[in-house]
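Consider the two complexes below, in which chain A is the common component and chain B and chain C are the respective partners.
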Partner chain A sequence: MDPQKSNRLATGVILCFAAIVSLIVLSLVLYLLATGLPHVSWHFLTSAASSFTAGGGIRDQLFNSFYLVILTLLVSVPLSLGAAIYLSEYAPKNRLTSILRLAIEVLSSLPSVVVGLFGYLVFVLQWKMDFSLLAGALALTIINLPLLTRSCETALSQVPFLQRQAGLGLGMAKWRVTTRIMVPAALPGIMTGAILSAGRIFGEAAALIYTAGQSSINVSYSNWNPFSPTSFLNPMRPAETLAVHIWKLNTEGLVPDATAVSAGAAAVLIIAILAFNLLARFVGGLVAKHFRQ
Partner chain B sequence: MSDWEKRLTGPSKETNQERVGRVLTTLSITVIGLLVATILIFLASKGLSLFIKYGVNIWDFVSGTDWSPKKGSYGALPMIVTSFGVTMLAGIVALPLALMVALAVTEILPPAFRKVTQPVIELLVGIPSVVYGFVGLTVIIPILRQWFGGTGFGMLAATVVLFLMIVPTMVSMTIDTLLAVPESYRMASKGLGATRWQTIYRTILPSAAGGVLTAMIFGMARAFGEALAVQMVIGNASIMPTSLMSSAATLTSVLTTGIGNTVMGTAANDALWSLALVLLVMSLIFNLAMRLVNRNKEG
Partner chain C sequence: MEDNIALELKDVSVAYGAEPTVRNVSMKFKKNQISALIGASGSGKSTLLRSINRMNDGLATVTGQILFHDVDINRPKVNVYKVRQEIGMVFQQPTPFPMSIYENVIYGLRLTGEKDRRVLDQRVEESLKHAALWDEVKDRLKASALSLSGGQQQRLCIARTLATKPEIILMDEPTSALDPISTTQIEATMMELKKDYTIIIVTHNMQQASRASDWTAFMHQGNLIEFNQTTEIFMNPHEQATNDYLNGKFG
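Our next item is the complex of A and B:
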């Protein structure tokens, strides 16, 4: 065939299929938002879920999702940052280091349901945490560690080598160079990575149904003592998150308006993910600007 | 020893800080290493106990087609076949389509377009799989029911949901690969008088092939390990699938529904852990495949 003709034909075919795929995927998301958003109201966001009657809200699930993300980040950020600093600053080039890198990669390829089962076996049953926020946070930490370690390491490796040399040349110890020069300079990357990972674990469900549990107990939002069993801050209470709630409603839900509630919850989830993404961009840009000055 | 003597011969403040830092970071990497080792050992020992403690033949487990753990029959083949079936189908359909979207974005549409597509793709990548499962339940299944009759639940619904779930990830990875092809290749090809299509399939695709393949394997690994979205739409019948529209069950969906219904320490429960072990081994194989592809690309 004439090359000009085949060029036009191929371009047309590619554009056509690309448009079809994009349209299908985008229209599904828009459909979700269109059916879900009308159901989202202040009442929906601030009232408790009901188990049998229509009109339940998602207050506890929404709070649990955010609280779980915070708990997970509290554990996984220091651990990932420490591991990333070790890998980028201290690790000798030997077999052990490459095995450790392989281990992190293996961890990132574990299906989340397998992580959930491991969490159930170890945290819930063996460490007797029962279904609790803490067990859920630990399971999410396992999912979060490899990706966060990688993004921290990338952020550290992007700091110009000259900065490190300058610090070492002034007689600073390596740890001081790391904490005073490397980490501040890599902060935008680290924070962006942490926020993006927060978005990812916000919607995680498979690892949570057997760790954080599938039910919520009645908690009081005015009890600020994290050790009191009825406090909303108590990490030892079972907690259903938004994503688990959607799954639960659609598989064994008894409420008559399950579809409407899940559509609303799905819309809230999508908007939360969008907010996390925008926040990551915003913080990344902001901190980068701060350091350029 | 006097105070100044101690200060002169003892370790300096810097040295002490250095020690603390080294211990802290070594500790965190050790925790991660131990964690991975523990997960692998735990799952292997739990997964193998069906064969060791209860004397079930491994071959019977892998090739048997009857899965009724309560009656002592542990044939996992239906789940293995279904898991592979939906994963392969979703991956094979998604590969060319994701490639075409990526080509359109990087090679055909103006670069300014990328400013719009990138955040959208990022958002789609971030949408939780449960949401895709919910879409499957409320949109895909009614459509399938209308077109093909039956309940709509089954392998086809699962394939569509998995396809929707992995396409954004694959598009995003493919775009990165295509952008990594040096601009000089494109210029050289165009300088020789090649059309855009000739440049794409003679120059860009061969040099990006490894990355495109990695994107597909990555997408398939995600599809293989996905639990809830599949469990919501596949119908959950642990039988050998006879058609794309018949109810089936994957390794992950049986795990999801089964763990809560069996008692820890029984053979029926251990059989589920064996399924989890199969899942683990498969995800390791996917990982290995990605490494091999990447090594070939570099070599």
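Our next item is the complex of A and C:
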């Protein structure tokens, strides 16, 4: 076969594979949106879920999902960034650090249901957190740490070596070079990584069933005291998230419109995750641009 | 130490592993003069330069003495951060930080805890004027340093080094990433700077050494072959290796 023909053939095959992948993703998203969106209304988003009758909403679950993402990021971003700074700037190349890297990789391949049961044993029972947002946030942190550490480390390692040298050449201490030059320069990548991980943990269910719980207690959205048991901000209350809600509706849903509510909730979930991904691109680009100007 | 000597190397060797990259170099750099280190790739000239302000710490083993104001700054107990403020460095490629021109210049100064706005403003103007960049950027000090051209960025890096008021400026092939016009500007800037500073420059560009330096050291395979006044080195080299290099027989 002459080069031109074989090239055309190869391009065609590659295009075909790409098309299959995008088709699967697209059709899934479109199916979810087509079946779910008709049930999504302002009323659906702003009313509480009902236990037995039709017409319930997803207000609490939606809020819980976002709140849990924020709590998780509050815990996991500093941890991951610290680990990434150590790995990329300080870690010597020896057996200890290669074991550390291996441990992080193993952590990323743990099934989330295992993480959930671990969280149940340690956070919920051992540390007496009960089913709570905090226990859920800690479980999600375990899921989030490996990928977030990796993306922070990649962001840091992409800062040109000469930037480091320039800082040191000015007489800056290494810690200062790290915090004042390396981290700001890597910020677009770090933020993109954090937001993308937010999208990932937003849809997590298995790790939360035994940690954040499957029930939502009645909370008041006007009580801003996070230590009050009825406050929506209280991190020690059990909280069912959107993804857990969908799982529960499909396994033991008692409401007559369980299918419809679950479809609507799934549509909202996928829109939120898409929004996280778009936001990640947008914010990353914005921060990078800010530095260039 | 003699009055007109800014820095003296005594028996300096540098090794990355077992094999030394620089062998027993001893030389004296005169104050307010430009000294050029020339030689082929791998001759050890950059390695030697980077050892002077301890930039090889953690990368290579440097032995011998580096005398600065009668102090051996190669001893482990010396405060390397102070050394680097006294002996500044300009790198092969412009390395502006992703922040404003103004912030870039005073970055080193902020380390010393200087907060007085007037002092900072004055030092920015002074340093940028010294680096011959002031006229081009005085109306946009708040603009990002990354919006400058390559040549301007390199002069900004020189200004940034000057702002900490060093005595010696080390330049590691400062024009290798720049076009001829920017190169000429940097060389003119160096001529101005030597009134107040001592400059040691590594260059693989022989024309640059002959144009811009007062003294030239020729290095070959880690050894210092010849160190003399630039005119002498180029017109009347004493060593065969120097002559061969200058005539393009290797390197």
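The definition used in the following text is that the second predicted complex is superposed on the first by the 267 of 293 C-alpha atoms of A that agree within 3 Å, B and C clash if a C-alpha of one lies under 4 Å from a C-alpha of the other, contacts with A are read in each partner's own complex, and residues count from 1 in each chain.
As a convention for this text, contacts are C-beta pairs under 8 Å (C-beta built on N, C-alpha and C of every residue); 3 or more make two chains touch, one makes a residue touch a chain.
Only a predicted model underlies this, so the values are computations on that prediction, with no experimental measurement involved.
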item: Fit or clash - chain C, chain B, common chain A; value: fit
item: Partner chain in contact with A:Leu28 - chain B first, chain C second, else both or neither; value: first
item: Which superposed partner A:Arg176 touches (first chain B, second chain C, both, neither); value: both
item: Computed vertex angle (chain A) for partners chain B and chain C, CA, steps of 10°; value: 100
item: First (chain B), second (chain C), both or neither touched by A:Glu204; value: first
item: First (chain B), second (chain C), both or neither touched by A:Pro184; value: second
item: Which of chain B and chain C A:Thr53 touches, first, second, both or neither; value: neither
item: When both partners are placed on the shared chain, which of chain B and chain C touches more of chain A; value: B
item: Touching partner for A:Leu162 - first (chain B), second (chain C), both, neither; value: second
item: Which of chain B and chain C A:Ser41 touches, first, second, both or neither; value: neither
item: Least Cα gap, in Å, left between chain B and chain C after the two complexes are fitted on chain A; value: 8
item: Shared contact residues on chain A - chain B and chain C; value: 171-173, 176
item: Chain A - residues contacting chain C, complex; value: 160, 162-163, 165-173, 176, 181, 184-185, 291-293
item: Chain B residues within the chain A interface of the complex; value: 14-15, 17-18, 20-22, 24-29, 31-33, 35-40, 42-43, 46, 96-98, 100-101, 103-105, 108, 119-120, 122-124, 126-131, 133-135, 137-139, 164, 167-168, 195-198, 200-201, 221, 224-228, 231-232, 252, 255-256, 259-260, 264, 273, 276, 279-280, 283-284, 286-287
item: Sites on chain A touched by chain B in the complex; value: 3-4, 6-7, 9-11, 13-15, 17-19, 21-22, 24-26, 28-29, 31-32, 35, 78-83, 85-87, 89-91, 99-100, 103-107, 109-115, 117-118, 120-122, 125, 142, 145, 149, 171-176, 178-179, 196, 199-200, 202-206, 209-210, 243-244, 246-247, 250-251, 259, 262-263, 266, 269-270, 273-274, 276-277, 281
item: Touch list for chain C against partner chain A, complex; value: 53, 55, 81-85, 88-89, 91-93, 95, 97-99, 107-108, 111, 143-144, 146-147, 157, 160-161, 164
